[in-house]
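Two complexes are shown next, each including chain A; its partner changes from chain B in the first to chain C in the second.
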Partner chain A sequence: MNKDIVRIHNLSFQYRPNEPYVLTDINLTIKEREWITIVGHNGSGKSSLAKFLNALFIPDEDGEVYIYGLNTKERQNQGKVRKLVAMVFQNPDNQLVAPTVEDDVAFGLENTGVPREEMIERVKESIKIMGLEGFEKQEPHRLSGGQKQRVAIAGVIAMKPKVVVLDEATSMLDPVGRKEVMEYIRRVHNDVNMTVIMITHDLNEALFSDRIIVMKEGKILKDAPPIEVLRDEELLKKSLLKPTFEFEVQSKLKEKGINLFEISPQITNQKELVDALCTWKQKM
Partner chain B sequence: MYMEAKNVKFTYMVGSPFEKTALQNINLTLEPNSYTVLIGHTGSGKSTLIQLFNGLLKPTDGSIQIGNREIKRDTKQKHLYDVRKDVGMVFQYPEHQLFHETILKDVAFGPMNFGMSQEEAEKRAKESLKLVGIEEGLYERSPFDLSGGQMRRVAIAGVLASNPKTLILDEPTAGLDPQGKEDIMELFYKWYEVSEERSIILVTHHMEDAAKYGDQLIVLEQGGIHLTGTPKEVFLQGDRLRKTGLSQPETVRLLESLKDKSKGHIDTLKFHLNETVDEIVSFLRKDQ
Partner chain C sequence: MLDHIIIGQYVPGHSKVHRLDPRAKLICLMLFMVFLFVSRHPLSIGVALLIAVLAFGLANVPLTFYLRGMRFIAIIIIFTFLLHLFMTKEGPVLFTTPIVTIYLGGVLEGVLVGVRLLLLVIMASLLTLTTTPVDLTDGMESLMLPLKKVGMPTHELAFMISIALRFIPTLLEEAMKIIKAQMARGANFTQGSIWKRVKAFVPVLVPLFVQSLNRAEDLAIAMESRGYEGGEGRTKFRILYWKRMDTIALVILTLYSMTAIFTRFLM
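Take a look at the complex of A and B:
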């Protein structure tokens, strides 16, 4: 069993006194190497929660956040926590700073004083993982949105954090860019063994994760594997989330007396849905 | 409002080493009261085309007709000003353009800028704010106190307040949650339906929205028109779309894949969830 790397106890948070709470009584544990997706509508508190994970926000009286056992309230821990947990944000244009792709990937390393030899090695490795070979000397602003986000992620993994938090990192991209970035996030999770925490409102992007955490009005409504969340129509409606297309089709079919669940309990993509429909047809 | 592009060519930075032709041989007709959807990859020329239709750019060659005005390469700048009154543009992430101290003043800025009195402009602003669903209690608040979704609505109200005849929407729902997306798209449709004078040009990557709202689809590719027609005509041509890296709506993709695998008789051109499910049910229950 992997160890707990994030532990959040009774966390509540408001931006200013006398304002409504954006987070209320959050309890959450994340294990090493997990892939977690936090979903919720705009204003549900998911991005605020993310900012507690790398000590950008610190709990005041209400609650505690431990990252790898380090309490983020203690000043001397905050630097360490930020090294352990890296963040990738929504807008690629706000995250890229250097004139070339390789300089950008190296930026964080330069700032933390990594020796040159090691820096070159780590930049090369990150560029390879993110499939950016051949782009080293390119200017970041000439890249597509998907490529820019891959550069941002390369810069993050070059720092060798244990956890990477992606705060709506695909929401400004076109469908091609989204798919591309998702593919590379899977690589970061599977090949580099990082813990991935993704924040999104697109349930299609949550399908690969181990658990989905559904948030609404600052509270966790559900914490369960994707298939359980996707099947909970009541919950999705309540949390203003749109079920994936494949699930919408399945539940409409069920209303009409065609229960594909009997054929296959795990239909998440188009191919599986088509296969199940063909099996259903043959059985008739 | 009638709009037309005649043999339009547009080149950026003519005569410099960075010269680049973004559009070529563009011939298009947008009928009054039409809902046109522009689709195409990043870099296909969509943004250039909408800026031509709003008088922000002038064609390098050919002409653009907007209502009864014509824009050519030598059209004077002050004539473009009138065009912009008739053609409202909602840019991507329009909330980035909010700037005034109160919501009401921000929304009234457009009409005042076009020469309306403050009183009249505020009246218009209030109407627009009502249309986009911003409560009166918020009018005197700063637009920066609002949530992202509300800020977007205020920015949209700012464009509607100038009472354009044609509205150009550049990815108006980017970054919103699913419910917010649907609400905004419905809001534009409601605006469009009110009067026969009104038209919409929508730029989107969502094939589902293109199919649902558009009566004419224009697919751009490398600065030229790749495909054009009704949603049914365009989405029938899956192979040609895929060649440019675009796809069909998910309903069509599902039905085509089911048809391929089962070899059954399936009408694949369904754009709504319910009709798609009905088609599947009739396929499943048919003896073949």
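Take a look at the complex of A and C:
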């Protein structure tokens, strides 16, 4: 398949010496064009892990992080790594820098010294991908939370990175905003062909991904396709994650002796759940 | 509660004054301010008045927008007028009361200073009313560029101003939230002596301050991850265009400056 773009070897991390390790012995590879979701409860180390991916954190000791073959420990690689891996953060208010939408989308391009003609082109393109046409001159504080996050993502994809890391990018949004942003992230993954790494504690957002990485107390508990993770009740309980509604219904029914799994082995959304329930009813 | 605070008084429009290059506007205003205080002769005051009327007419900003900011200024103007009226003892006596004597020179001086201040305020508000804060910062950065040679961090200064402008509404929103949260806990901001009311704001300012520091840190990380490394090697998305109108405006103001100098020192 595709080549490995992120390789993490024996990564351990503590904020200060003599403090407990936030990450212990992480080994992870991510392939190009994959959609990875890293889930975990608060303090599981998922956000710290994300910061290693674009050289905001540098491994000490013997751990190593390679992005497209570049070791983030070497200073001259750090700038390159940040161009390859872009990050979107949690709070939409704290990452928009410029006074208008188009200025903010251009911010990263200005920093890297892109010529103005090309900049105008790329700003326009990103604004179009994120469906923000008509908002170009708008001030950030007049936008909804979902729109602000879309501006942040537009600013990131304008720089044409290979990987987009979304560090709890939807956790401060209302359900409508979440759905809206997820929609556009899918678009970035499918149409712009970017590798997406999402960090979240909401399993509903993990359904679209190729792999889910479950973290707890700085360790990777499981690294598997969504369906496998979602079905593993033991694991979810252990990692303090709330199962999605559909899976919760399934497991509650199973306790009552109704096994929907036999009817349909793949229930991930409400429609599939309703269909399975109807089939089961007809069989009665 | 904070609704009446107007951030940036910009009134959107497409008038000739709106479309002037912010650099031109800034230089013109500077010239106007300096030479207004050189002007004494009726001719140069007349020219200044003409320029103000012309700019005012072209800008097409409703009068109410000027008046909003005028209340406080009006007090100062009236005060300085009275001060000059009573303190100047030149020219023929107009009339005498047991307390003060009014001289003709006092009236003239008072009117002169009053008119100067009024024109000054009108022109200054014209600048902020017709220019977006963003354009203003751009203009300032561009005008400060020569100072970069003597080691002034012009990019950083302009960037700081623009970030501050960007965050004013966000912080106001946050202040409102904290005020409501404190009111829900029984804080009272609208009753009691002034001292009590000021003190009631301390529990608002402390969390606001802490939050701002957190924000600043988040913002710094976001900027760093988007490749910000200071002004070196940076390209600019917005650029300013110097048009013919800008040159014309500048020429008019230069002519005025010359008139002011000529009438003051050479006549």
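As a working rule, the second predicted complex is superposed on the first by the 284 of 284 C-alpha atoms of A that agree within 3 Å, B and C clash if a C-alpha of one lies under 4 Å from a C-alpha of the other, contacts with A are read in each partner's own complex, and residues count from 1 in each chain.
Criterion: contacts are C-beta pairs under 8 Å (C-beta built on N, C-alpha and C of every residue); 3 or more make two chains touch, one makes a residue touch a chain.
Treat the numbers as computed from the prediction; the structure is a model and nothing was measured.
Legend: residue contacts after superposition of the two complexes on their common chain; A:L96 is shown touching chain C, with no touch to chain B.
With both structures placed on the common chain, the touch criterion links A:N42 to chain B but leaves chain C unconnected. By the document's definition of touching, of the two partners only chain B reaches A:V176; chain C does not.
Once the two complexes are overlaid on the shared chain, A:C278 sits against chain B while remaining clear of chain C.
Once the two complexes are overlaid on the shared chain, A:F107 sits against chain C while remaining clear of chain B. The part of chain A that touches chain B in the complex is made up of residues 41-43, 90, 144-145, 168, 171-172, 174-176, 201-202, 240-242, 245-246, 248-249, 252-253, 256, 258, 270-271, 273-275, 277-278, 280-281, 284. Considering their complex, residues 41-42, 147-149, 174-180, 205, 245, 247, 250-251, 253-254, 257-258, 261-262, 264, 273-274, 276-277, 280-281, 283-285 of chain B touch chain A. On the side of chain A, the complex with chain C involves touching residues 54, 56, 79, 82-83, 86-87, 89, 91, 93-100, 102-103, 106-116, 119-120, 123, 139-141, 155-156, 159.
By the touch criterion stated above, chain C contacts chain A in their complex at residues 133-134, 162-163, 165-166, 169-170, 173, 214-215, 218-219, 221-229, 233-239.
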